[in-house]
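A, B, C, D, E, F, G and H are the chain letters, set down in written order, and residue numbers restart from 1 in every chain.
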Amino acid sequence: MDERLKHLTDVLDAFRTGDLPLGDTLERIDAAYFERAGDVTVDHDRARRTGAPEVIYGEFKTAEQILKTFRAIRTRGDNVLATRVHPDTYAAIEDELDGAEYHPVARALTFRQKALPEVETSVAVVTAGTSDAPVAEEAAVTCEFYGNPVTRIQDAGVAGIHRLLARAGELREARVVIVVAGMEGALPSVVGGLVDKPVIAVPTSIGYGASFGGIAALLGMLNSCASGVAVMNIDNGFGAGFLANRINRL
Amino acid sequence: MDERLKHLTDVLDAFRTGDLPLGDTLERIDAAYFERAGDVTVDHDRARRTGAPEVIYGEFKTAEQILKTFRAIRTRGDNVLATRVHPDTYAAIEDELDGAEYHPVARALTFRQKALPEVETSVAVVTAGTSDAPVAEEAAVTCEFYGNPVTRIQDAGVAGIHRLLARAGELREARVVIVVAGMEGALPSVVGGLVDKPVIAVPTSIGYGASFGGIAALLGMLNSCASGVAVMNIDNGFGAGFLANRINRL
Amino acid sequence: MDERLKHLTDVLDAFRTGDLPLGDTLERIDAAYFERAGDVTVDHDRARRTGAPEVIYGEFKTAEQILKTFRAIRTRGDNVLATRVHPDTYAAIEDELDGAEYHPVARALTFRQKALPEVETSVAVVTAGTSDAPVAEEAAVTCEFYGNPVTRIQDAGVAGIHRLLARAGELREARVVIVVAGMEGALPSVVGGLVDKPVIAVPTSIGYGASFGGIAALLGMLNSCASGVAVMNIDNGFGAGFLANRINRL
Amino acid sequence: MDERLKHLTDVLDAFRTGDLPLGDTLERIDAAYFERAGDVTVDHDRARRTGAPEVIYGEFKTAEQILKTFRAIRTRGDNVLATRVHPDTYAAIEDELDGAEYHPVARALTFRQKALPEVETSVAVVTAGTSDAPVAEEAAVTCEFYGNPVTRIQDAGVAGIHRLLARAGELREARVVIVVAGMEGALPSVVGGLVDKPVIAVPTSIGYGASFGGIAALLGMLNSCASGVAVMNIDNGFGAGFLANRINRL
Amino acid sequence: MDERLKHLTDVLDAFRTGDLPLGDTLERIDAAYFERAGDVTVDHDRARRTGAPEVIYGEFKTAEQILKTFRAIRTRGDNVLATRVHPDTYAAIEDELDGAEYHPVARALTFRQKALPEVETSVAVVTAGTSDAPVAEEAAVTCEFYGNPVTRIQDAGVAGIHRLLARAGELREARVVIVVAGMEGALPSVVGGLVDKPVIAVPTSIGYGASFGGIAALLGMLNSCASGVAVMNIDNGFGAGFLANRINRL
Amino acid sequence: MDERLKHLTDVLDAFRTGDLPLGDTLERIDAAYFERAGDVTVDHDRARRTGAPEVIYGEFKTAEQILKTFRAIRTRGDNVLATRVHPDTYAAIEDELDGAEYHPVARALTFRQKALPEVETSVAVVTAGTSDAPVAEEAAVTCEFYGNPVTRIQDAGVAGIHRLLARAGELREARVVIVVAGMEGALPSVVGGLVDKPVIAVPTSIGYGASFGGIAALLGMLNSCASGVAVMNIDNGFGAGFLANRINRL
Amino acid sequence: MDERLKHLTDVLDAFRTGDLPLGDTLERIDAAYFERAGDVTVDHDRARRTGAPEVIYGEFKTAEQILKTFRAIRTRGDNVLATRVHPDTYAAIEDELDGAEYHPVARALTFRQKALPEVETSVAVVTAGTSDAPVAEEAAVTCEFYGNPVTRIQDAGVAGIHRLLARAGELREARVVIVVAGMEGALPSVVGGLVDKPVIAVPTSIGYGASFGGIAALLGMLNSCASGVAVMNIDNGFGAGFLANRINRL
Amino acid sequence: MDERLKHLTDVLDAFRTGDLPLGDTLERIDAAYFERAGDVTVDHDRARRTGAPEVIYGEFKTAEQILKTFRAIRTRGDNVLATRVHPDTYAAIEDELDGAEYHPVARALTFRQKALPEVETSVAVVTAGTSDAPVAEEAAVTCEFYGNPVTRIQDAGVAGIHRLLARAGELREARVVIVVAGMEGALPSVVGGLVDKPVIAVPTSIGYGASFGGIAALLGMLNSCASGVAVMNIDNGFGAGFLANRINRL
């Protein structure tokens, strides 16, 4: 907020000394509150406001659109994270993405040119089954993109609870735990009973019959009998990674 | 099927010898296929067909109706199980139910005058939380009414998984396992991963917010990642006990 | 549990005699409680814990993935059951599956090299309509894979109840009854009123309009007015067969 | 339609002869198309249009309101049917309803002073369980109010299918069959497979857990595998009786 | 029922005279109650029981399967109705269906070789919009297949209520009215207020956004404020036509 | 926006002349953008921003709370509208509300001390059935509170469409039409086809069985086949009246 | 209404003078109330009744059907708006649509040959995100087709609320505001708190996971805490534009 | 984990020296893995495992049960938090709860006898409307119970967005933000766009009509267009406070 005060004080000083006419003064006062103009400005401000560099959500974008946005951000000197980039989409633009890395399981594209202060504490990403991997990897890649070390604990579903218990030590060393599960979505409850760290639960659309595209897992997680579990939207691995980074950086 | 063949052969013999006129013959043939007459006969037959003595579902019945049915069955010399008998209802008829036992947690009433062949193998009834007790007890009392020993494992919810593991031995000794859970309904998945016996899962309506009166638990159980888990209707403790008895008596 | 006690006692003996140093002793004690290491160990243990050989769920797997897992299990000397194997998938790997049998209706693949103790009592698999056959066959093939004789009663929907009654004798001879039905899912109620054996109901996604992909059948089965009916997830033929085997082997 | 033509021709004749001025002519032409005026006229017309005397839906009405409407209709010389009249409501106005009959199970009130041409063919009203009786009786009383003989077949749920088969003869003698069922709502499918008459299915809100206030039964009936079954709203016994009368009078 | 009595009497006579040995007698008695053997027998009986010739539901059948069943029925000398026959399916077998008629809008195939007693009274089929035509035509073709004259009133949606009123006369001449509507499903309520005949409402899956594949129309029809309206499953034109025939033939 | 510019210019002038120190200047600049302080200020601004005087939503408030807020607004010299005031609540505070008027059907309380510029064009409020009256009256009273003449057309449900047509003239004279309907919610479609004015549809929770507390009506209205129909939340009569006033004052 | 009176008076005059025989007179009177015959007549009348020229809903129409209807309307001398015209569909008929304009984002086709009285006041169309553009553009193009100036405010989602605030001035200048948003559908609430004009909210099917094809946005809008917000069906941009025109022309 | 190693090493030492016989050794080894015995032990361990002192969920408990548990925890010397304690329940036991504080809005009871290390950074609790206060206060009281300073920002719903913006400074000073909202649940999206801290969204069951007891708000929050928002179950203020404490203490 200080920044605004400083800006306003400067503007008022220039106004009082006559360096700034009334019209310009009013305009600059406005600029302290509202963001004007084109999209770039807006994004600039969002980064300041919420601390997050821009992300490209690739799901509904053409290869061309992704490429164009990618280049624009790269040119600004920022890092790039593009999620939901289908392998075919990537294949189509692969040649023009020098230095970018494609993560096939996560279907994510990353490019880093600007160093981020790395975090020392880690985020654990736990999955119930192998089918949950794409969502879990999206979360993990997002965490790593923002500079967080990630511990992956895979295929630790509740029907073989010993697999999870065997890694309880690693789990407890993480500062934030992301749990990704489809079907009955029971894993976050078990994990939530084992650790004393924030647990971010991500339901996946993996399942059959009455899983209803992830509703069963979503409800299971919302109703978790373990305290300290918060829930993301179905398949929202990026959101979980984004939030884990925020928490881990506190 | 033999019984019917024998009956038909006898009828045909009597017909051929002229002992049975045509009209009576046709009627008796019919009787070999369809059950006629009043309700009592029907019930008689149901017992023969499905092996289960009659049960009084008390939920929507008045104290008077329960008492009347109770007496009718007792007079026939049968055992009686009445479920969903509210404490107030019981209080109103308590004095006239000599020898009947009321189970306040299960809200069930039992009366045994006829010996049932006891089963030696036991049924385990596991609950996730104390609020699930009424449904679990209804299941347990039903099992016991039909002559099955019951092992109760209470308050073994997945958020404190060690409590369940500590009793894995007892669990594995049972021949059938009933798991009763509300909220996210995750317990049957964990139990199903620990035992090699049939698991009957009963969702309860216990929960808050998005548990939607047991839907979350029901979906969780239907989508269990553990094989060998079958699901009953929400709060249907009686049904679970009834089925457990059938399986345990095989 | 004895096995663990024995293992621990042996470890302790070796420790006391000095044959086993402290570090190894602690490690081996751990091993009595938690399963460590790679997936193979885990699966091994699951078989021990729950009595079920490994199954390949083919739905989301490529032909190559199925083939690879198939060979791995075969090499171990185990039997193989792969479900949800699309005919095209099978066609692509058919040549390399010597000795495996493909069940086109069930879309299942089986391979047996290890004798299982056969069960003498049978499982009945009843279907309401011909469209329910894939799910019913998945259940039947699963039962047979685990060594259970299967009686198939097809197309016995409740709108032509005489077809079912005509086979009531066969139905009653089975030790477990699996009922597979879509649309209104009424068949388990009728079957449940005819037999005194456990009934496993499987709703199918067959239906039109307000069947909502099997929800109507699922709700119908959960609300069955017949006692002793338990329900599986929509289209979960494998789960029903798996549970039927568990019950039939008791 | 003839009536309108006649009216218009008369009006035009009177207009041509100058007996009717332009303004009145236009007004009377309008009257041939649109119904004007107060509520009584409207109701009058509805009876002509749809053949049904007026019915009082008592659910949300006070005793006083029911009494007032009752008297108004009686004064007009018409018969009265009031549905959903709570016993307490009835008790409050009982003394002032000379000649009216109260049907406690159906919670309906009837008063007949005008002879209706009786129908000779009957309507069968079949119920799955005793809890469905209020809805079934509402249907039956409605049928009888409109002059249809009713055959009641009670407690013929599909879990004891022999009870229904035993009365198949009576069922087939009816010209229209109303089937009332809660829980899984399977009965109409079975009945629809036994008769060649129109079947009107009424789901009831009777049930527990996942019956969701009649949704399970409603979906079961909509998805009936038997052809020729049409469905009413949940608990709409009056609607079924009303429709049955329309069909039976054809 | 007489037919069965006659059959049984004949069998008994032959048994008494010694013409029929005991084994055959028992078998023939059985045959009077239960349908044995192959599908053809079954269908035979269904026709007797429910009055309806066999229908081929083409939705999930291959061209080959439809052709095969078609020929089987034709060979028996019966009429054939096949519904949900996709134009491509028809094109593939067109050459081998001599004398069969394809109805492209209804996607139905009919073949008549046996005269049905025609009905004189007609069925009206009303549609709300042109998109509802396939379902409405399926209903109309079904009615005509069973020998009922059909009056088609198209595109009479409630947003242009005058179009419906203009044809109220025709509507009132029909003995049964089928109303087919998607979107808000309001048309049956309006029609139900205009006629005194049974109204069969068919919701269609036509609609956008919150129509949810016909749920909005289905709920609208179930909650119709007009009495005497019964509802079919979404898009179930055949069912409506089938029921209309039953009612019209009373 | 001018007001803000003027305020800012004044502040800047005072700052330049030294009348206003920097701190106060910054504070007053802030005040031009953000509303500070207590609730009263906030409301003040809302009225300026959205043109609506304050309304008391009485549903969850005690009689005391309503009275207190009522007095506070009255003291400020403003008019008061309180909705969802239960008759018992009103009875409890009636004596202290001099000059306020209670509308029992709408369950609304109004008090006017400040003249509003009346609008000459009217709003029509149409209801399908008498049970919809509370919601319709809430809409009507809201319209009148804001100064709009209201034409009430009651009990014009689609099952008696002539009643609506008979008043089509009045309907067309209104500038905005509010249509209130429960059950199938079909009335807005019919009205939308008769007028060329904006139609605001309000579903009510009136209905039975599958009306699901207004969902059926809500879906019906959202899927209206008539263009120009917008929908409010279930039972939201106030919202409809509020919006109608906004439109009517344009 | 005058038009009808005039028509009737003319007819009556001709009848009185004998110029028009009775039969023709009756027919012409009918024509004043009911629309007969072909579709063209019907549309003619609808335009008179509801003030809206004909619109082609292209979603389920073939290129050929669209072209045919397009030509028919053009020949009549009317303007044409076709919505939901897929680019491929347009490409197929592009050459034959002289003078028509295709709006690729809105997927709409417009043709104007008849001058409409333009409106001076504008409609604002606000979108939450770029993915909502197709629906928003459909609304905007519809508004423009009917002669309304449109102010587009894009990508003003609530997570970057300053973008919206920065354009609050423009927003307040519009006479009607259409707000188009997917995902959580929160934008109309914010807009509704900023303006004192009617707000038409359009939920879009844009979203992931638990957005359920627009249900989340729809519910969000129906429950808006801002007064004066009415809701359209999911993705119904045309409907919003149509209603905005109606309101803006008042 | 070290603690366990130490415990095991001690046990083994005692065993080797013969101080501990085999039976006791095995028992103590077990105790290192599984928690045995009574409830108190279990809770003890849960605190160690997950860092949270015990909480009494009062919703379904009697005054007596709450009092008993309260005393048991107090006797152990621990702090007590009881949620969902109805005012009447509190009134009944008030006299026996020396030193406990009742928070009437939050309906929570707290008792602190043991000092917790206070946290310096604060948690902001933002509410959309006054009706959301009970849930928000439950969250706030929970935060304070665990030693976190709380900043309350009330009644900052999105329809008056300036109220929120005016307090953006305070909001940004918090380390964790809890946002509590009913109705459309839009507030977390706006807050998530203003801060760069973790946002915990709590939907409340406050709302009318289509809010469906909090489902609308829940879906709105899950679909938030702002990144970094995680969601709790409906009305779960305690869960949000518990998680906020975990995050704030990192």
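Throughout what follows, contacts are C-beta pairs under 8 Å (C-beta built on N, C-alpha and C of every residue); 3 or more make two chains touch, one makes a residue touch a chain.
In this text, all values refer to a predicted model and were calculated from it rather than measured experimentally.
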item: Partner chains shared by chain D and chain E (touch criterion as defined above); value: B, C, F, G
item: Between chain A and its twin chain H, rotation from the CA superposition, multiple of 5 degrees; value: 180
item: Furthest chain, CA centroid comparison against chain C; value: F
item: Whole-Å gap between the CA centroids of chain D and chain G; value: 41
item: Between chain A and chain B, centroid-to-centroid distance (C-alpha), Å; value: 50
item: Interface hub residues of chain F, defined as touching at least two other chains; value: 33, 46, 160, 165, 192-194, 208-211, 215, 218, 222-224, 226-227, 233-234
item: Contact pairs between chains, per stated definition; value: A-B, A-C, A-F, A-G, A-H, B-C, B-D, B-E, B-H, C-D, C-E, C-H, D-E, D-F, D-G, E-F, E-G, F-G, F-H, G-H
item: Parts of chain B lying in touch with chain D, wherever the complex brings them together; value: 33-37, 39, 42, 45-46, 59-60, 203, 205, 214-215, 218, 233-236
item: List of chain B residues in touch with chain C within their complex; value: 1, 46, 49-52, 55, 168-169, 172, 175, 192-198, 200, 218, 222-223, 226-234, 238-239, 242-243, 246-248, 250
item: Chain B-touching residues of chain A, taken from the complex the two chains share; value: 128-129, 157-161, 165, 183-186, 189-190, 192-194, 207-212, 215-217, 219-227
item: Contacting residues of chain C [partner chain E, same complex]; value: 131, 155, 160, 162-163, 165-166, 208-211
item: Contact footprint of chain F on chain A as seen in their complex; value: 5, 8-9, 12, 15-16, 22, 25-26, 29, 33
